[in-house]
Structure formats: C-alpha cells, structure tokens
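In the two assemblies presented below, chain A is common to both, partnered first by chain B and then by chain C.
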Partner chain A sequence: MSGDAPYLTSRAGILLLAPLVILLLLFFVYPLLFTLWNSVYEGGLTVRAYEELFTSTLFYKVLRTTFVISFTATAVSLLLGYPVALHISRQPPGRRVIYLTLVMLPFWTSILVKSFALTVLLGYSGIINQMLGSISGGQLNIPMVFNRFGAIIGMINYLLPFMILSILGSLLAQDPNLARAAEVMGAGRFRIFRKVTLPLSMPGVMAGVIINFTLSIGMYITPALLGGRQDMMIANLIDFYTRQTLDWPVASAIAVVLLAISGILVAILGKVRGSQGTMGAAA
Partner chain B sequence: MMDLMSQNTKGQSPAMTSPAPMRDTKEPAKMMIEVQNLTKQYSDFRALDHVSLSVRKGEFVTLLGPSGSGKSTLLNLISGMTAPTSGTITIDGTDATNMPTNKRGLGMVFQNYALMPHMTVFQNIAFPLQVRKISKEEIRRRVMDVLKLVQLEHVADRRPRALSGGQQQRISLARCIVYNPSIILMDEPLGALDKKLREDMQLEIKRLHAELGVTMLYVTHDQDEALTMSDRIVLMRNGRIEQQGSPAALYFEPETVFSADFIGSSNLFSGKLKTVDGSKALQIDGAALSVPQAQSASFADGSDAVLLVRPENVRVGGQGAASAEHNSIVATVKDTLVLGGVVRHFLTLKGGVEVIAQDLNQPGMALPSRGSEVQITWRNEDARLLPADPSFSKKQV
Partner chain C sequence: MTSHRLPSLAGALFVPLVAWICYLLLLIPTLIVFPISLGNSAEMEFPPSNPSLDLYRQFFSDPAWWGSMIQSGIIALITTVLTIVLAVPAAYALQRSHIRGQGFVQGLIMGPLLVPVIVLALGLYLQLGPWGGLNSNLTLVLSHTMLAVPFMMLSVGASLRHIDPALENAALIMGASKRAVFFRVVLPQLASGIAAGSMFAFLISLDEVIVAYFITGPDTQTLPVKMYSAIRWEVSPVIAAISTLLTIVSFVLAIAIMFLERNQRTNTG
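And then the complex of A and B:
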C-alpha cells in the first residue's frame, strides 16, 4: 500500500529530514572534511604528513598494537558474549528482562568511572590481589592493570554489551520451531546448535564483531588509563600529536588512516555478513 | 465403509473395523500411540485434563477443536516438546513419557513449515538422514526419490524462501517422510495456505497417507479438513475429549450440543420436554416440536433438552400435517441465499426461533419471496435429541 501511494509528499519528507541532515552536516561531515583538509594543507597542498607517518616506526608499532589489542578484545568478547546471549535467549521473557538489565548496567555507566573502578578491583593493592595475597601469605600478586591485560579487560568490559545485544537479537529472531523440527527429526543438542542455531545467528555475530572491532580500534580512555606504556593505541597517538608535538597535520593524517581502515574492515565484514544475512536475517 | 467406521465408536474391537491398509496382517490392531490420563497443568490453567487416546497403526486421526481446547498441547506432549504433569505416553509399545524428543522417532509437520532458511531444499531434506548417519549416495538417492514423490524435483537447489507456501509445505512433508517415521504429527499444516491450495494439499496428504501406510496424528481447527481427511476425529473442548468417532459418526450422531454445533451447520432448538398424549414433545418458544421417541426415552419428563436438525434435512414448502414421524410447522422467510450448488433459506418460527434450511439448487427452482409464510418439515429420524448444556451458548448465525 505504501509502495504505490506514499503517505508523505517528497517536500514533507525533505522538511522532516532537514534537522537531522543539518545536524550531521554541521557536526559530522564538516569536522570530517576539516580533518581531511588539515591532513593535506599546510599553507599549500602537501602529503608531508602522510610521508612522515608512513616512514615512522612509531606509527607502525602503534598500528600493530592497536590491531592486536582490538582483535584480542573482540575475540574474547565474542567467546564470552555468545554463551551469555544464548543463555538469555532461552529464558522466559520475565527473567530475560532482568538478565538484560544486568548486561546493560555497565553500558549505562561512564567509561571513565568503569576504568577507575577496574583499577580498584584489579590494582596492585586491589581487591583481587589482596585476596590472593591473604591466601598465599603475601607471595602472590598478579599485575593486572597498567599493562596490556588491563587494557583488554577494560575494553571487554565496555564491548561486551554490544556483542551480547547483537547476538541476542539474531538468536531471538530465530523461529523456535526450527530447533524443534530438528529435534523431532532426531538431532541432538550439539548438532542443533552447530547446524541450525549457530549458522542462523551469524548475522548477529558479524554485526557484533564489526561493532566491537571498530569501537576497539578507536578506543582512547581505557587503554590510556588501564594500559601500560607499551599499549599506546592509535587514538592515543593522535592525542600525542595533537597535544604534545602540536603537529595537527600528522594527527589529522592518522585520523584519516584510522577512518579508512575502519571503513575497509566494515566493508569486508559486511560482505561476509551480507552472504549470511540473506540466509537467516529474517528467519 | 461409512457403516463400518461408525460402528467403531460403539465399542467394537478396533481390529475388526480397522480402515487403514495394513502391511503387517499378523498385528492388525497394533497401537502406535497410547496416551493415558494425560494432564498438563500450567500455573493457572489446565491445558489438558486426564485425556486417554489410542491411535492404531496406519490410522489417520485428527484432533479437532477450537483454540485453547488442548489439541496442540496434546500433540506437543506426544512429540516430547512439553512434559506432562501426570499420565503416560506410549509410542510403538515403548513408554515414552519421559523420553527426549529426538529419541521418539517421530515425524512432524509444522504450520509455518519450519524449513531451515540457511539450507537448500536438498540440504533440508537430507538433514534427518545425516542425523541417521546414512551414506552420501544413499542420501542423494532418497532425497531425489522423495522430491519426485511430492513432484518438486526441480527445486532441489533452491532455498525454501524462494518457494511458494504450498511448495514449502510439500518440502516439509518430504523432509518428514524421507526417513520413514512410523508416526507423523501434523500441527495445522495447512493453516497458512489459501483455500484452493489447502484442498489440493488435503488430497496430497491423503494420498501420501494411503501410499505410505503411516500413522498420522493431525491437528486442525477446521472441521471441513477433519471431515475430509480423517479415519477418526477426536473432538476436543476445554482440555478434554468431547467425542470421538468416524467423520460420519460425528456428523450424524453427535452426542453433545457442542459436537453438534462444532461440526457441520445445525439448527439447535432448546426447550423443555413434556409428555403430550403419551409421547414426548419439545416445548420451545411459541411451538411444540415432536421428537424422535426412541431417543427421548432416556430423558425425564420436564428436563431441558436440545433438538438438532441439520439444515439439509429441513424441507421448505413441504405438505402434510405434523405426525409422530414428521414435524411440520409454519415459518416466515427472512432471506434466501443462492450459494452456487445449494440454496439456503433463513426462516423464523412464530415464537422468534430461527431456522436454517438448505436445498440443492436446481434450474428453474421457485424461490420463496422474502416475508412470505411457508410450511417447513423434517423427519424425526433425521433429528437428534441431545441433553441441554448450560455451559454452551450457541454462536449467532
């Protein structure tokens, strides 16, 4: 019905879209273009910033660190998040709401607060190390913050709700009769999971991975607060160029490279997701 | 055949009247499903209330009833997807009350087909065979055989979503029969299809049932479907079995007002039985109807009763006075509808009671004009006297 007789005239549509378009142009597109411009304009057009970047060992090191940390954080968050999402999807609606609230709780807390809370929990004289100390008689103290472990723990803490929610979405979208049908046909739980539940949840998994990874590679506060000196990530490097060396063109160039990498990743994963999506998205 | 089947309900040995083709003549009365005193209690609702039911090998049994009558609950209990509160389930001679679903060896067809959207048609049908660890060549052969059986060989490599509803349901049938389950459960399998397709599929399911000799337990709320397909109909109401028997038995010999009303269309006259001149008559608003005397013997004088007369047994414009064998009464024509093959008259008796009469349509047939008075008649042998059911209110026609 809406296909052959649109409810809105195109003029009304434009009017309704205008506020959002203006907002995006002003606070998203303009800064983006400004950054791009900044990276190539220093009194005249130049690729000096990019040259400096691509010949800098620091940049490559930070880039590698960023990828390793992001990949690890995303992978762990997937491994931890999938079983949680699966469990929540199998709860009756009432209990599901309670569990979802628990998942969302860290989501609603400021990332700054969470990071400091984690230092209290994981620090040298934090709760866990105090417990370990009292058990081992002061022998045992595991450094868990201001190193890569801390950075990754902090990131996972932030990333998990995104992973769980997107996987849960595609689990709940599955027709429960599919698993029942498989069961009647004689399939055991493991086979049902492997052949039905898992493949049909791939769109959610891919969405979760994309969100997690893109959030990870742009992460700033958490690695700064919980990571060690060796764990500088790209966002921290941008900060370094912006505030320490005041080399804005290079900072902008890094931002542009980061954006390009994110874009390429989303495009690649979106391809995978697309092929899976046609199979199960609307199931 | 009809006679044979209706006798079934009168307590004869099922072995003597078993209507389905038997492969194993030595055990003609083998019970494939036996359910005893099965109850399913949810916190505030009893979905199934001490139901006992047996299904013979090769039989086509339909669970019929309105929504909430317990028919789907019973099917889910038999499939093992829900656990009973009490009672036992025996499948093919083995106690299956607490057996996991995947060990019960059943086949099931769902209303929404439940085909795996991420698999091709071939992979869907191969799935139950892979579970059974059958070799690749054997799987290919059996899948193609069964696709031939449902006449859909050409869609093997398509995904289910690329098929029409009717095709999808045939694929889901194929997926079910490919592993030869001895029992197939069907949960409103034709509910999502349009009328024409539904009728085609009814024939197809009947054909497959006859060819494969499989035991079928079929759930529907559609009485036409139940009447067309079943060897036996189990009519359910409020978690209990209201009446069971052959389609003919349920249609011609309903035992309760609910059965009479649910199956077929019906005129139900409520009133009090009174003895006049030695024979009982039903006193309704503004008229006294004579009733089948043999049936009325079990009713006390002055008791509430309901007289069932099917519309096709009511003659309009007939002659003759009322007698012990006939009812003849004056009615006013409210409306007459010509519905293709049949003509349906809507009439009112003097006291305001409404009557429907149905005739076969014939060329040149004279139709009574609206508002005219006509004589309507029916034979008492076509009527049925039923005990009044205070919990039942007839739905408005």
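And then the complex of A and C:
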C-alpha cells in the first residue's frame, strides 16, 4: 500500500533520535576521544606516554599476565562450556528452559557478589580450607585466592554463561535431521558428534572464544578482588596509573592500547558472526 | 559390538556429568551467600551454628550502608526512566524512517557494549573532572544510561520487528495523528519489550561498579562502590547480607525477563 515510502519523514526520524545521539556523543564518543587526546597531549603534542609505556618492564609484564590469564580462562571456559551447551541442546524445550535458567541466574548476579562468595569459599579460612583442615587435622591449607588461580576461577565463573549461550545458539540452529541421517547410515554417537555436530557448531565456538577473550582482557573487578597483588591485569594497571602515580597520559595510553586490542577482536567477531554479528557480544 | 558400545556409553555419561558440575560451579557462588548471611557478625561461618538475622540488623542500623543502598536504588530508577525516554523513540525512528547515516547511528548505539568498561570509566573520569562533573548524581545517571541503552534498544527493537506496520497505517487513514498512533497503537504493543529492557537497565545500573568507582565521590557513592571498597580492605560478614539482598533482586528480575521474552516468542509464533 505505502510501498517503500517510510512511515516517518527523515525530519521526524532525526528529531526522535537526536536526544539519544547527543547523550552518546557526550558520554560515549567524547570520553574515548578525550582519552586518546590525553595520551598524546601534555601542553603540546608528544609521544612521551607511549615511549614510557613501551620501555617499561611493568607494562610488558602486565601485558603478558593479561594474555596468559585470559587465554587460560577462555580455554577452560570452552572445555567446560561446550558439554554444557550440548547438554542443554539435547533437552526437550520444556526442560531446556530450566537448564537455561540455571545458567542465566548466575549470569545476572552481581560480579561483586560472586567475587565475595568465591573469597568466602576459597579463602585462607574459607569453607573449603576449613573442610580440608578438619580432615587433615590442620595440616592442609591450599592458597586458592589472591593468586593467579583465584583470578582465573573468578573469571571462568563470569565467562562461562557467555560461552554456553554462544555455542548453544549454533547447536540449536542445526537441522536435527542431519544427525538422524548419520545415525540411520550407521554412524555411532561419537562419530556423529565428530563429523556432524562439532564442525557445524564451529561458528558458535569461535564467537564464544572471541567474546570470552575480549571480556577477559578488559576485566577489572575479578583480578582486583581474587587475583594476586603482583599479578595485575591491564585494567588494574590503568587504575594504578590513574590513582597511584597520577600519571593520566600513561593511563590514557594504556587505555588506548586496550581499546585497540579489543577493537581488533570485535572486528574479527563481526567477520565470524556475519553482518549482524557484533550485537551479540553482550548477550 | 561391545567395544563399540563402551565409548558411546562413556560419551553418554560424560556430557551430563560435566554439565552438572558446571551448573553447580555456576550456582554455588551465587547461592552460598544465603546461608552465610544468617551467621553472626563476628566471623563468617558455614553452616551458621546459630542462624539469626543479626547481619541484616547490622546492615539496616548503619546509615552508611543502607544510605548507599537507597542511593543505588534511586540512581537505578532514574536511569531506567531516562533509558526508556531516550531509547524507545530512537528504536521506533530507526525502524520506521530512512535517514542518512543510519548504520553509523546503529553502531554508535551498540558501541558501549563493545568497549571495555574500564576505558569508558577512565575517559569519563578525565572528561568530567575539568567540567566539575565528578561526585554528581546527574553525570552518574547519564553515564549509566549510556551503558544501559544498548540493552533497551535490543529489547524494544525485537518487539518492534514483531508488530505489524499495517496497524499504524490503518489508524492513520482513520484520522489519528502520528503522535496518537505512537502512544495508542505502537506503545501498548511494545509494553513487554519495554518492560524487559527496563529490568535490564535497572539491573545494569544497580550492579555497575567500575564507572561509579571512578566518577562518584563521598556524596554520591553507590552500594557496589561501597561494597567493592569493603571487600577489598576487610571482608566483613555484613557483606553476605547485602549480597543476599542484591541476589534476590537479580533473581526476581532475571526470571521476569526470561518470562517476558518467552511470552513474546510464543505470542508472535
């Protein structure tokens, strides 16, 4: 009836969008540009902050720590998340909702609550060490927080739902007739998984891995509360330069580096997911 | 045959086993705060030997604690309202008009999801300092709105795609103004999308730590900021009570969101 003519005039459209766009320009675009500006301007244009950064052993140490922790957490999250996604995808729709709820409730729990709970569970006088102590007569106490182990456990706990949801999406998108056909032709369960299910779920796996890794390298709360004091990650280093040494140009330069790395990862994610892909990064 | 069946049996057990271990690993940290919150205020105990509501009493008798809870609640409410007011018309405009730079605007709106929060927190801190915008409720609400907008857009956008534009045209032909069509035809159909988006927005603001930690001050400190400092310096048992309260709010809203999304799917087929 109205063909291709849009319902709203572009004038009306612009008026309706304007308030939101202004907010985002002021509170999203401007802070990013201002950070970039801060990293190169100290009374005149300079690359002092970047020079300082790239000659600092602390920066390289933090970068290495960040990548090692992020890689480990992502790998474990994949190994645990895949079977969970598989388990949920094999349920009838009614029960699938229940299992999804088990994944979504922790997903929506405050990261502070989860970090606090993990210190209570894993701490020096935490629940697990109390149990170990009473079994071993006070001999055994395993340090599980305020070290790398604690940071990784906390991150996996945060990352798993993202991995599960991402893989589940590509498992549920598969035509169940494919697996049935393979079964009719005499393929065993494991063979069906290896030859049909797994290859078809690779886009979900790739997306899940990139989302997990992108989230990991920017993590701040978990490493600060559960990690070791010597085991800073990039986000904590930004905070350190902002509050401790008050060197804002260097803090900004680190933020620019972090932004660039995440930007590359998000671009790869966009390629993996296709044109409408990047939106799923949060959900 | 047996040699073929054995690995397949192991495979059949392996998946549910790992899955259940993960469900427990995910849920235990969320649920353990409930029993611990019933302990006494001297030290953390599990299970509590003398279950009581002491920690809740301690929480509600300390104005520094419940004051920051009220502060967080108010900030989250205003953020939610502002997110609705800004994002619903914008989602409608993106769906029903063709403007130049539409792709850019869409990217801009989803942007806050893709940037590490610490980068935004630093940027806002550096920018708001010279503006005199630190330790201010206004800038806190605007920053939280920026973080919540993508979720509202996704939620309302999904609802919008399900409604039939023919209804709007019909109302227009019968003489309604576009404004009346929006408020009386479109908005009622978006109700569940807006409701889900509002709960997202409320939870995001209520639980947000990093930006608030950078830009709030003594007068505007939110509950998560106070909790973060408290957990960092000394783990006091009263945090278990606060955690339980926060978790109950998250659970109620998360279940409501899932219910709304399911309804939407079944209503539209």
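Note that in this section the second predicted complex is superposed on the first by the 240 of 283 C-alpha atoms of A that agree within 3 Å, B and C clash if a C-alpha of one lies under 4 Å from a C-alpha of the other, contacts with A are read in each partner's own complex, and residues count from 1 in each chain.
Convention: a residue touches a chain if its C-beta (ideal position, glycine included) is under 8 Å from a C-beta of that chain, and two chains touch if they have at least 3 such contacts.
As the structure is a prediction and not an experimental result, all values here were calculated from the model.
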Name the chain, either chain B or chain C, that contacts more residues of chain A.
C
Between chain B and chain C, whom does A:251 touch in the aligned arrangement: first, second, both, or neither?
second
Contacts of A:188 with chain B and chain C, given as first, second, both or neither
both
After lining up the shared chain so the two structures overlap, which partner does A:199 touch, if you call chain B first and chain C second: first, second, both or neither?
first
Could you say whether A:173 touches chain B, chain C, both of them, or neither, answering first, second, both or neither?
neither
With the two complexes superposed on chain A, say which partner A:157 touches: chain B (first), chain C (second), both, or neither.
second
Could you say whether A:35 touches chain B, chain C, both of them, or neither, answering first, second, both or neither?
second
So chain A touches chain B in one structure and chain C in the other; where do those two contact lists coincide?
188, 279, 282-283
Any idea which chain B residues touch chain A in the complex?
79, 81, 101-108, 110, 112, 114, 116-118, 127-128, 131-132, 159, 175, 179, 185
So, in the complex, the side of chain A touching chain B is made of residues 175, 177-178, 180-188, 191, 195-196, 199-200, 276, 279-280, 282-283
Chain C-touching residues of chain A, taken from the complex the two chains share
1-2, 6-10, 12-14, 16-17, 19-21, 23-32, 34-35, 38, 80-81, 83-84, 86-88, 90, 97, 99-121, 123, 127, 130, 157, 160-161, 164, 188-190, 193, 217-218, 220-221, 224-225, 234-235, 238-239, 242, 248, 251-252, 255, 258-259, 262, 266, 278-279, 281-283
Chain A partner, complex, touching residues on chain C are 4, 7-8, 11-12, 14-16, 18-19, 21-23, 25-30, 32-33, 36, 44, 46, 85-87, 89-90, 92-94, 96-100, 105, 108-120, 122-127, 142-143, 145-146, 149-151, 154, 165-166, 168-169, 178, 203, 206-207, 209-210, 214, 224, 227-228, 231-232, 235, 239-240, 243, 246-247, 250-251, 253-255, 258, 262
